[in-house]
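Both complexes below contain subunit A, partnered by subunit B and then by subunit C.
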Partner chain A sequence: MSSQTRSGSGGGGTASASRTCQFKLVLLGESSVGKSSLVLRFVKGQFHEFQESTIGAAFLTQTVQIDDTTVKFEIWDTAGQERYHSLAPMYYRGAQAAIVVYDISNKESFHKAQTWVKELQRQASPNIVIALAGNKLDLANKRAVSYEEAKQYADEHSLLFMETSAKTAANVMDIFTSIAKKLPKSDVNEQASRQSQNRSGVNVGGANQNQQGTSGCACK
Partner chain B sequence: MILKIDFPVKQKEVTKFHHQIYLDLLRTLPNNVKFSSKYSQGVNQLQEVLQVFCLHNPSIGYCQGMNFIVGISLLFLEPEDAFWCLVVITEKLFLPHYFDSGLVGAQADQQCLKNLIELKLPDLHDHLESLELDLSSITLNWFLAIFIDALPFETMLRIWDCFLLEGSKILFRYSLALLHMHKNTLMENNDTISIFKSLKYSVKFTFDIDGLNKIAFEQLEPFPKRKEIIQKQKNYLRIKLESWKSRRLQKINQDIIEWDSENDEQNFHLKIDCSSFVDGNFVWVCYGGQMEGNVMIGDLEMKKMSVQNIVTESKILSIVAIEEFDLVLMGLLSGNLIGFNSVNKEQLWNLNLKDSILNMLSVKAETNFYRLYCAHSNGKLTYIELDSDKEPSEIFDINVSSSPIEWIELVIDDHEEKYIWLASANTVYVYNERTLLNETKFEVSVNQFDHILMLKHTKNGVLLSIKGSSIIHLYDYNTYKCKLLFDVKLNLRLSIEKDDDFSFSRNRLTCFLSLDNNLIWFGTGDGYLLIYSIEIYEQKKIDKLHKKFSLNTQIFKRIMSRRNFSLATDFNLDYIYHERAKLNVKRRDSSLPDKFLDKNSKKEMKKFKSEFILKDISKHLDVPSENEFKINICNNYDLEYKMDLLTKAKISDQPVRTIMSKKIGDEIAVITCSGNYGEDETVLKWSQKDKNWKNEPFIEMCPITNIPKRPLYAKIEYFQNLKNKKETKKFF
Partner chain C sequence: MNEHLLFEKKEIYIHEQPKEELINGPLIEPEKIGGRLQILKNKNGSFLRFLPYGLENVVSDDWAFVVNNSVLTYSKDSNSGESCTFENKQNLNKYKHQFEFNELSSVRRIYQGYGIPCLVFMLTDGRTLPNLYFYKGGSKEFLQELSSYFVFKKDVTDPRLWYVQRQNSEQFKQSLYELSLFNEQRENVMKKFLNEPVQSTLLGFSKVTNILRDVIKPSESASKSQFYVNDFKLDIPNPGDDMSDLMDSLVSDNIHSVPNDGYEMVTKVDLGPMPTVDRGPPVQKEDLIFDKEGRLFNHERIKQMIFRGGIQNELRITLWKFLLNYYEWDSTAKSREQKRKIRVEDYFRMKLQWKSISDEQKNKFSLIKERENLIEKDVQRTDRTHPYFESDDNVHLVEMKDILMTYNMFNFDLGYVQGMSDLLAPIMVIMDNEVDSFWCFAGYMDKIESNFLMDQLNIKLQLSNLKALLEFFDSKFSHYLEKNESSNMYFCFRWILILFKREFSFPDINRLWEVLWTDSPCKNFHLLICISILLMKKDDIMTNNYGFNEILKFINDLSGRIDLEKTLKHAEGLFLQLQNFKNVPNNIYEIIGFPVTEKNEELIDESRLLIPRSSSRESSAKLSPSSSFKSLSFKKDDDSVEVLN
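So, the complex of A and B:
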């Protein structure tokens, strides 16, 4: 919301009709709550009953269209086992968004999700958009975490919250798109031009000039 | 046979990992017929082997990734052999601590790989470095799972053959070969996503085994010898292990503190965040919760302050005043930059800079022209030109780092050249203030997860400290070397920086300030204010050589550990130094602290020649040359710093948040803010009277009625006065 009020001040952004943004998103949560399955559903539209366990982290990408903006996600799907925890900062460092996943049929995984939220709020970039996903909605008959409890927790900690099912695809697209909507959109061209500014010192001419130079490659 | 053992159900080691193994059984090579269902033979064997391993080596137990290693082995081996294969891989071929808690071994190998990339593929290394891109998020998997799933199956098996024969060195060789092979593709790309994507897919389709072997064993020659690699691995392992331990300690401490502060938060949540002098006689103090920022303004003369009718949409993280324009600028958590008129306190404009503004700096360029720098949590620096109190139009961003920039400091060197020092994570970035070119960057600690709290320019150098620590560092602004380490908690000069000194503590520094007359003020997390004097001694020439030695070891140690080269010699030397020192202490009084050691070691170190030290270390180093070290030493050790504690006072139960000073006439006034809004005596004014520093609290007044709101005694006093006045009036 605040991002839209800003358009004029930085120069650029308004020139092209469709913009491209890149965001780094990380998935965190206990082992076998369905992090990889959520990503697989989102990226490839597939679901495997037995998704290979993730080692370290898996890297995937996906692009979604939000209004006139193309949002590119750089997704880091991390391993859930406790001892991989110490590697997590490597993946959530610099991430603009995170999905913390728990399994609605597993109370313990909800507690673990809360510690992840805490860690992110403490260690990750301060304006990171965090979404809480109660996965395995298809197992609602084995539910151990009530919707209200999780919703209340999410509201208190200002998280996006949805119950999802990678198996039935329920809410999977929604959770990613609602994250995309919440992220501040700055044009990738602008980013690229700013990056090049950084390397070559400062170009006093402002962002607009640079934008023309780099837009060709960055759009593709 | 081993595998026929019936596991006692209560066997602690097994049950601990049993669940995780169970979860992963059907998630291992699920597309292979041998592992496709829970009735498959392979799945049972997999379970058996993994469980036996947990019994065999409970300290490693089960780590995700081992399921794939055993799964692949079981395609070719009987379960018993697969078990021994796992034992050899985890206990012999990989570094210790590869798979156990923290995975430090695996992380150390990544550091090692990075070092080798820099050595063998410097152009790629530079390219990645310029994008601040860390390949280990991809390459870690290559090592942990020995290329399973990263390469085509055939190619992976070939590497496995070599790996089982030669050990983990081969993984470096092949990793470099793969990067070499696909280097051009990687170099063509200039953004993170494309690089990771192209790396992942081009590696996944590396079917040309012979081509890969050719690169690995011919083109990469001369490849570092096994011994060298092992030495590198061990050194990185040592560093990683230390920092992992300290991180764990830190985490425990943090949890305790968090628990404390959560309890506190129920009472007070309006933390004081920042403050600034405005128009000579006023001080603006910003406080607030996550979703709102408030301002109170204090009158320096009257020592009265009142809450203003200024409420911002989120926390105010930084505040800067430009008196020439009657302008006060506030940087918010939401990323908004708000301009206020300092006279009528009205908002002039509100500008969204997209990301939280953690710190700001204004530099006067010429009359009626200021440059404002805003540090953002996304690692960007925004440059803004201000020529009036109007909303600025000249704005652009500079990418500095991928971590938040926590502090900006203006540093003026001996030639009056202005630089801005930016603190981001554990790195200081130095930019030329005029050209905005990046001059250099340097790390101030070994642990990359450290964050610099703040920087302060003083005429002796730049002071900095790391969040959570009670140690102050003094950096030379010409050489960027650390000249002094001092632990405020222990009131002790440190010779060597230890990693675990940085564990989060209640006595941590929260802010500091340097005054012109060589005084340094510190505020701590437990509400203490400490005033130190810093003195400089010039070394006499005769003494110089000796001095060099005692400091050399410390400085070498520091330089090395900072740059991640703690190498054997350095260690040995340090060891000798300590051993000798220890002996001396034993002989005399063992309770004497640091200073004593320094003296002794000075004598001891006479025996070593400077050349010897330099040569010996440079033999093991490939990067810094002898000369470089010599320069560092010669420049620095003519001066010796000494810090003396003058005053220590408890001023709050909460952390001291800000300290700032201003010259009013001939006097220096220091303002400290501590704790939260709503507590008594949060804002104090300090002034010097006969060498002693005295403080006077600001009394908060109700802005409407102008009656003191708090503290209580002030209220009583006020009404008492009022009563007296009335009575005297009556009397007349």
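So, the complex of A and C:
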């Protein structure tokens, strides 16, 4: 049931003339709506019918090429269950983008998505780009949330909106690329490899700083 | 696809651990996936690729034959003659790995389990490629080749680790020089230190401690190699290299530093040598002695044996019931029979409670409906790759749902929380019976229920205890985590919440859990297991300079790659070190639960019993409870070292 459309890395461009931007993106939404599946599709081109539930959080990266800019996403995939809600701020803190996911065949998950949007607009970085993803588009015969309803909600709250399917890959690349396009890519320096600084060999006392987790600056 | 092949090495293998169901018994050879390791170039730059045989377009000496989704590959090799493999092509894709050169963070060359050199590539985002085994040699040559694309810097603490340095091509020469150290014996390094102490110390403080440690160690080399052989059960051509991995983790340097005007006071807490710990054989039927009334006569000893070596798989169905409080340890056969009757009745009574809720009722009972939804979702995706749960419409999936729903009735205040189904699955596989699985699961939940409470306080407490332990055992690493926003230890959340369930295969998790269920040798032993894994992996984290994101990814990706027996030995070693160290701070004592003043004597006795019978005398003699502190002061800027004493 798994198909391969692109291989994990090596997909993104790294021509030394192009500039590189790095963004932190977080996925939120009720348990089992398909957050991990969307990421897996985007990063590895795969789909697992039996994708296990996320415990804690997972971190993945993937790059997309937008014109002459390489956009590197640092993706945080969180656990959906209410019990672990209190951990979420740790992951959306400092995020420049978020995808709030619901399952089009599950009305309840759409309501939950709305509370996530509210929380993000209240607590996350003010300029965060939020996308709403109505996932499991392939289950259209079991649809419980209409396209129009969700679209209207998204428009009212200035969200990007797409219906996706991690299973068929429909709109998965698109939603990430749309986000990438919407993110500010000013302030660009040429090619940076953020990790290479400060490697003076001896590490006693932990002299090295590594701050990319909180840095608000997206592009280097 | 405009790719140019720049370099290629054939006969490289990835080891895939065999399917779980096959390895409940003896060790089975891992499945090997052969392929080529290539350096390629396209318009975006250079990249490295592992291409499994069967996926290449051009086949040279070897040939492949594609039928449907499967590939028959044939290859001639000089040593073992010819080989033929028949594989599913779809599956092959998952073994294809590639990364761009600018993603490479470090590479390590080690001899793994079977004495075969292998390369481990780690990437800047925390990913680690699977070990690439060079069955026909050539790993050095490959590294040499890579070194024409990178500036490698040899790590100061781990001589087998090279990390990529990007700023400055000046160091290029240095890297070549360091690569040549491949051939250098450790003895030479020591000799160099002894002859040219000044120059060598300039190489860095950590290296000095390494060398000093090696100088101090030779007396123990006998026990070292014994340990080594135990670990890998094979003769290894050059144990020196791999040993240092083991020793690095076992003799973790405990450097407690206090910042002090450009100097750092470094005090080294000497916990004494890491005691040698042996594991024992699993408990077998012959080990159980029942008295006339069917009482397990020697249950204390059995518990100790379980701690030391686990339980033979066929016997788990019996002994897990004792470990999980289904039966009392000192129960008679008759009382067990009665107990079982009650258990069965109780279970079905509670099951009926939710089974008999009508749809109409359920619509007005949103809490139970919600939980049922959650349970159904999780049952569909819990361990579905295990044969026991594999097929759809599987009776075991129905059972899993029923058990979790019934547990929800049994413990309604707690309800169902994600993670519980993970804890249940291995129990179901062993018990293969709904009622027994339920009660064993309930017994397990009794032990760790607080992990799942709404406020998450207990998880937070455990994470903070973990941090305290790490600070004690390795303050250097602990500080590193602080500087990288990881002092909350959240990257260990999954380990603790479901007790490593996602980190190990089924056979390993069975073993680990039964060891933990004995509650030996101290409170919170699972935290010492965390520490042990972290100490074994800290070099990877620090050398690659991983931050918050990468640490979490790296730790998540350790799943399936942790050597359980080695970890158990190490964790017990840490416990013994604590037990024999005189100046253990109170907070640490509180975490592991000793000494409880009056009970002290007794506990020490018990732990002596835990040391394998044969070597108990030696091992305890080895633990010199020396509490010597060595003071070192060193200046950050130039790495020069002054020994103050």
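Note that in this section the second predicted complex is superposed on the first by the 168 of 220 C-alpha atoms of A that agree within 3 Å, B and C clash if a C-alpha of one lies under 4 Å from a C-alpha of the other, contacts with A are read in each partner's own complex, and residues count from 1 in each chain.
Keep in mind that, in the parts below, contacts are C-beta pairs under 8 Å (C-beta built on N, C-alpha and C of every residue); 3 or more make two chains touch, one makes a residue touch a chain.
Computed from a predicted structure; not experimentally measured.
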Checklist entry - Which partner does A:55 reach: the first (subunit B), the second (subunit C), both, or neither? => result both
Checklist entry - Does the superposition put A:93 against subunit B (first), subunit C (second), both, or neither? => result first
Checklist entry - Once the shared chain is lined up, is A:168 touching subunit B (first), subunit C (second), both, or neither of them? => result neither
Checklist entry - Can A:22 be said to touch subunit B (first), subunit C (second), both, or neither? => result first
Next on the checklist: So in the superposed three-chain picture, is A:127 touching just subunit B, just subunit C, both, or none of them (first/second/both/neither)?
Outcome noted: first
Checklist entry - Which holds for A:184: it touches subunit B only (first), subunit C only (second), both, or neither? => result first
Checklist entry - Between subunit B (first) and subunit C (second), which, if any, makes contact with A:32: first, second, both or neither? => result both
Checklist entry - Who does A:81 touch here: subunit B (first), subunit C (second), both, or neither? => result both
Item to check | Contact residues of subunit A, present in both the subunit B and the subunit C interface | outcome: 2, 9-10, 31-32, 50-53, 55-59, 61, 74, 76, 79, 81, 83-84, 86-87, 90, 194-195, 197-199, 201-202, 206-207
Checklist entry - Within the complex, which stretch of subunit C touches subunit A? => result 43-45, 47, 49, 90, 93, 96-100, 102-103, 105, 123-126, 153, 156-157, 163-167, 204-206, 255, 257, 259, 264, 266, 374, 377-378, 380-385, 417-419, 422, 452, 454, 456, 476, 479-480, 482-485, 488, 490-491, 493-494, 497-498, 502, 542-550, 552-553, 556, 634, 636, 639
Checklist entry - In the complex formed with subunit A, which residues of subunit B make contact? => result 20, 23-24, 26-30, 63-65, 67-68, 99-104, 107, 130, 134, 136-138, 140-141, 144-145, 148-149, 190-193, 196-197, 200, 244, 247, 254, 258, 333-336, 351-356, 377-380, 383, 393-400, 402-404, 435-438, 449
Item to check | List of subunit A residues in touch with subunit C within their complex | outcome: 2, 4, 7-10, 12-16, 31-32, 49-53, 55-61, 74, 76, 79, 81, 83-84, 86-87, 90, 193-199, 201-214
Next on the checklist: Can you tell me which positions in subunit A touch subunit B when the two form their complex?
Outcome noted: 2-3, 5-6, 9-11, 22, 24, 31-32, 48, 50-59, 61, 72, 74, 76, 79-84, 86-87, 89-91, 93-94, 118, 122, 125-127, 184, 186, 188, 192, 194-195, 197-199, 201-202, 206-207, 217-218
